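Heads up, the next two complexes both have chain A, just with different partners, chain B and then chain C.
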Partner chain A sequence: MRRPGFPDSLFRLAAAAALAMAAAGSPATAQTRGGELIVVQGSNPPSLDAMTTSSQASRNINMNIYETLYGFSEGVKPIPILAEGVTISDDGLTYVFTLRRGVKFHNGKEMTARDVKASLERYRRVGATKNLLDPVADIAITGDYEVTFTMKKPTPTFLEAFSSPRAPAVIIPAEEADAEAGKTSFTGKGPYRFVEYVPDSHVTLERFDGYVADTRHDGPDGFGGRKTAYLDRVIFRIMPEPGAQVAALEAGEVHLLEQIPVPAARRLEKNPDIRLYENMPWAFLTFILNIAQPPADNPKFREAVQVALNMEAILAIATEGLYQLDHRWQYPGTTYDPGDIGADLYNLGDTERARRLLKEAGYKGEEFSILTDSNYPQHNKAAVVIAEQLRAAGINAKVKMVDWPTALNLRLQDSGWNGWTLMMGIEPYLGPVGLIATLTSPARPHFVKPDPELDALYQELISGPTVEARQATFRKIQARLYELKAIIKIGDVGLMQAARANVKGFRPFRFPRVYDVWLEE
Partner chain B sequence: MLRFLTRRLLSAIPVLFVVSLVAFGLMWLVPGDIAAEIGGTDATPEDLAAIRERLGLDKPVWERAVNWYGALLQGDLGYSYLLNRSVVDAVIERLPVTLSLAGLSLALATLTGMLLGILAAVRHNTLLDQGAMIVALIGLSVPEFWFGILMIIMFGVWLGWLPTGGFVPLSEDPVGWARSMVLPAFSLAVSQMGVIARMTRSAMLDVLGQDYIRTVRAKGLRARGVVFRHGLPNAMIPIVTVVGVITGVLLSGAVVIETVFSLPGVGRLIVGAIQRRDFPVVQGGLLVTAGIFVFVNLLVDVLYAAFDPRVRDGRGG
Partner chain C sequence: MAGAAEVPLAAEIAAGRRRRRAAFLRRLFGHGSFLIGFVIMALFVAIALAAPLIAPHSPIASDYRNLNAPPSALHWLGTDAFGRDVLSRIIYGMRVSLRIGIAVVLVTGLFGTVLGVLASYVRWLDGLVMRMLDGLMAFPGVLLAIALAAVLGPSEANAVLALSITFTPRTARVVRAGVLVVQGMPYVEAARAIGAGHGRIILRYILANALSPLIVQLTYVFAVSVVAEAILSFLGVGPPPPAPTLGNIIAEGRSSVQETWWLVTFPGMVIAVAVLGLNLMGDGLRDVLDPRQIARREGN
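Showing the complex of A and B:
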């Protein structure tokens, strides 16, 4: 099925990618043990202490080294990984996690309840998303292989939040639990173990021969499942220059690119030595308004912005063609897909209507400063197109481009900016709770001024006792986001990946899973 | 000579102090900090405050300055917020890459640049002169990143003769080291070669027009002797100056070539630290860079003395 706004050549590319995926995942190919896989990514992992960072560059590597009690399945449902399971009391106040037995850390020690408690207590101190344990009043060791969480109040969405891979609540040996952030020995218990990290050069992993696979599954399932390490070594090479990455792949010096520029993918479409993998949808592209400051404090002005924007034009330029038009604040076909709500306000590009709305808003040509950064091309390209479209509607839009750390700091100030372009990668994947938490209290909403109605809906969402109840709440949230117009959904963005044809078993996911991948001789 | 060296070394202290002050001040003035990088997009002001407290960034600037200078006096350049190692270790780790790249490209650029410059000067206003200067001009004008990518595509992808990037330590595999260095060193040398060639030509033309050159020619000395015995040594002062500047630049990191060829050198260390606001690495890295420049300048001064007896004897010049 062709998606709107998806150019022909890319559609063919996607079809080729799908075929490649089918071929790569074919069970007819015999798995080969051994060899060295070289994966390329553009930036250094800020840390290999998994619980302390929410960076994608870290997650790419860490999720092959560490494991969590619970994690998301391929279908984004919480599944036990290091846990045997969980028993939740009827009142929702007690969670008893039983642990898998015989599971070993990379240092050879068996994992027990002591390690779990110590790791989670460390997460409360140094975890990058430590607030996910806020609902937990106490963690107690109730057996050698059992830990019990006592909750402050019933939180039906707790297990989903606890399974989040964003800054994963990984289990490490208790002996390392007192270590400051980033100061552990990176000992996990995943199928690969850490060997060496040379910043700006590489991270080396080796197969962990003591890995105890989860035999409840037939193969990998999301972040969990039965994992098999076929490769002797995996090297994550840090190569910042995309042109050099592609050249290295073509020359056969590296095996897998975590991300390949779309034009390069188009060029390699017919190269028999290279397979392309499309990860769609990968992220939301959004445009955030500062509703604490004029002119975007005026709902009529925000409506003018919403109707002025032609999302297709923005996406085509910002993503180099790899996008899908989508008005929804959850991906299509997922559990919380809100349907058509808001579609009537999406991708209108109606300059005349925007002009009328600006007149009604009493807009007098005040400067509208769009904050963006030079580090992420999608952000700054989108900002330029948005500014052009808003200027065409009569808004005095200016692009303010700074580097990423500066943008992150500026957007935390109440004034000095009016709009901000942001790609949300992991948040939409985490489901509605992870996404809406960034837009509501007690966090500081991205659009600065909290909206009491949205805050109330968030509370309703996290306390919804059943999936059906939460789905109903999310539909209300979708409607409220389109009423408020404080954050504007531009569309869904994809991620193109590429591998040498002899890399088998690779399936695109939220991180490059190097287990169950082998090299064909 | 010893007094000369001592005087020059002592004069480096205020230079290094000013550099450290500027590095510290700039990092203090620049918007954004490491807390935003660590906290990410969803960090609340409270999260950022907690990170700043953990890293000591919440302390008043004078207290941070006192702590930094206190550690500096004990030879401690600080500890990186992100690299999980001391700044000294981070720099030392990168030195083999930077020294390899700088050494090879400098040797290549100096040899070819001087050769082209001498040829152009000796055959002044001929096709050879024009050809040599066109080569030098192309070297100067071609952007390093473009030339580097071109080299990768040609020799790495099409011909498959050399690796497309990465660094192999000399101690691990000398052949691998040489192979990994050819393309980056050549790509980097091309633009430096252009600078040296033009400077050599200009200095040589100046010298070859002097009266004493006419005299040695009149004495019947062969052309080779005129150029290499009487011409080149007297043209060396400006050439040494420009080679000295290039050496300083190369030793402090060739960030573009390091990026294109995925080399973990000093340049990428410092630029990456600036981008992520890893203040200790920026401050320590800039100080080391300034130290390199001071050392190279000293070396250049010593070479001046070697080439020009007037400098050696304190007669000016």
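Showing the complex of A and C:
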């Protein structure tokens, strides 16, 4: 928009000045060392022993303390972090990892191959996703700074799986490798070191001045890259009540909210002291059916559920407006994006068709119990709307709301529930292998009864020699998931974060990276 | 034998009873607090009973195009995070509160009376029953209800059960105290002397005359049940979603009080007014039924 009488040349000059000022304020020139950053999250970390937990509340903190040999880049590609690199033999049976030299643990000791082997052997014992090392027959120290993995068979997707941050295969000092789960001293080698954990209150981290940055990068890249700790201390404060979190942010008592309710974010949009960050897509919202029990053991019934659901209504309510409609079991535009497969069955909200299918299925009005939890609003709101839509189609749907740990226990029972609402956060981020592993044997699939065809496709996926071959397999998986209709994709969910305006350098990611973040005076 | 003129006729007895009842009602409705409380509660009950007729929208039908809408001509009290009409949810929520309140009063009244009478009338049971009830009363009332509801699971029936277990001991104590006073009265002795059975003595002579404190106690139980149900629902152990209750409407709005103030304010006001009405009614009943106050009035 132009003001009357404002000459074009001046207008352009003003625009150029604005750009120059923006450039001058870029992170490269303005970092300030020191200060204390207070990050807020809703729940306690179940453990600070990073390899033993796949909880997001733990990952938020742990990924600032620990590092792995390999991890995902911003573009979700495996990149070396503590490793200099890896050489994979032509037959895919040997992986030789060379380590970066001079890298120090928080106790001052230098990391060597001995620490790596000890950490990974511990991961085999206590790692929360220890099966990612199943393809590895042996880990050998082949030099002070070199470890060699001998594989049982070629596993082309191994490096991706090994880079997973879900329950990361972090490297800890060899002396701690015999410790039982949760019994280490939380010594890592990341840019911040652990100081104190007071459950229900806070976790305190301090800058690790002996941190050796990875100079191969210009700045942070995903879980790796060149990390710089500017802050003296970082406190992760545990505040369960979202209203209290927002009030604390507005009052300036805390600096960064790991998650802010969307209505509050909308209200704060114009507040100059607050900056909002949108993480989209953050998770899949799914509706899982128990196909081992009637009525969802009947494929016709499952089809009725699929066509009855209006995903837009469910997502709009469950996410408070932060969503994208997406039928795909991989995020759009990513390597394994399966295209339009399944789109014809997605977001139909076709009550009449559902009624016809229910009649064909011989459904007699049996109760259909939708399990959900009170802890995650996305879960319980989705359950309420799904139940409403299914009732409109003639299904006797009831919502069974319990707390999150109880829901996790109940869904492990073969009976007592018929549907379950679940957000899958980290699994879709990990790519197809991480996601489909939760739906296939040998794990217990979320939908209870394994599907042999899907199991076979998973094996085909993990042994696919090339990306193209795996992409083709994933398209078959996408088609199979829409045939099976045992887990229904509702859509993609976003995550809104917020920080005080004086928090600089923060970029939203899978965990709050507190390195390369500083506080402006 | 006394003359026929000295024996009151049945018609005169009935007329006397009618006069006493009319005087009692005049006293009751002439009591300012009681009248205000009664009007409030009558309105509450009327709205709850007429919910399907007066609620402008369905209390459970969501509308994703109209989420968290502030009060407007279409939705007088706004909509919630599901796009549901808050006014309709409050009206139906009052129905749930009323249902639970009445159910708790009935269950508590029945068991409280039975236990209270047993403890006072059957002397050897007194210690046993009262120590058990004392044990239950050692827990703070609402806390016990929350614990029970959490164990039993969220449902309307379980909320009634939890609240009834919580309030029965208090009611039983009140009944026991009343019965202990009344059962020593000469007319009870007289009834026993003319050979009346235990059932007749308890129902006709003891309970009928120990009813006043019980009524006051039950109005109190009703008021507390309405509030306690809101607390249970607020904590997620009341009737499960999507059932509307005053407590869960507030619970759903508590994380966004600044953004959706109408979710907390309006049901909160309803709870406050209902509790005020019930307390005023209770106060009025106590004043009118309290024998000492009656004596004082009559003395004046």
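Convention: the second predicted complex is superposed on the first by the 493 of 521 C-alpha atoms of A that agree within 3 Å, B and C clash if a C-alpha of one lies under 4 Å from a C-alpha of the other, contacts with A are read in each partner's own complex, and residues count from 1 in each chain.
Definition applied: a contact is a pair of C-beta atoms (placed from the backbone, for glycine too) under 8 Å apart; a residue touches a chain by one contact, two chains touch by 3 or more.
Everything quoted here is computed from the prediction, not taken from an experiment.
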So if we stack both complexes on chain A, do chain B and chain C clash, or do they fit?
-> fit
Considering only touches as defined above, state whether A:Asn347 meets chain B (first), chain C (second), both or neither.
-> neither
State whether A:Thr286 touches chain B only (first), chain C only (second), both chains, or neither.
-> neither
Given the touch rule stated above, what does A:Glu241 touch, chain B (first), chain C (second), both, or neither?
-> both
In the overlay, work out which of chain B or chain C sits against more residues of chain A.
-> B
Is A:Ser163 contacted by the first partner chain B, the second partner chain C, both or neither?
-> neither
Rounded to a whole Å, what is the shortest Cα gap between chain B and chain C in the overlaid structures?
-> 7
Contact residues of chain A, present in both the chain B and the chain C interface = 241, 243, 402
State the interface residues of chain A toward chain C in the complex, per the touch definition above.
-> 241-243, 246, 261, 263-264, 266-267, 312-313, 316-317, 320-321, 374, 380-381, 383-385, 387-388, 399-402
Residue positions on chain C within touch of chain A in the complex are 60-62, 64-65, 67-68, 81-83, 153-154, 236, 240-242, 254-260
Would you mind writing out the residues of chain B in touch with chain A in their complex?
-> 30-34, 36-45, 48, 54, 82-84, 90, 93-94, 145, 149, 152-153, 156-157, 160, 163-167, 259-265, 268-269, 272, 275-277
In the complex, chain A residues that touch chain B | 44, 46-47, 53-55, 128-129, 181-183, 197-201, 237-241, 243-244, 247-248, 250-251, 253, 375, 402-410, 412, 422, 424, 427, 437-438, 443-444, 446
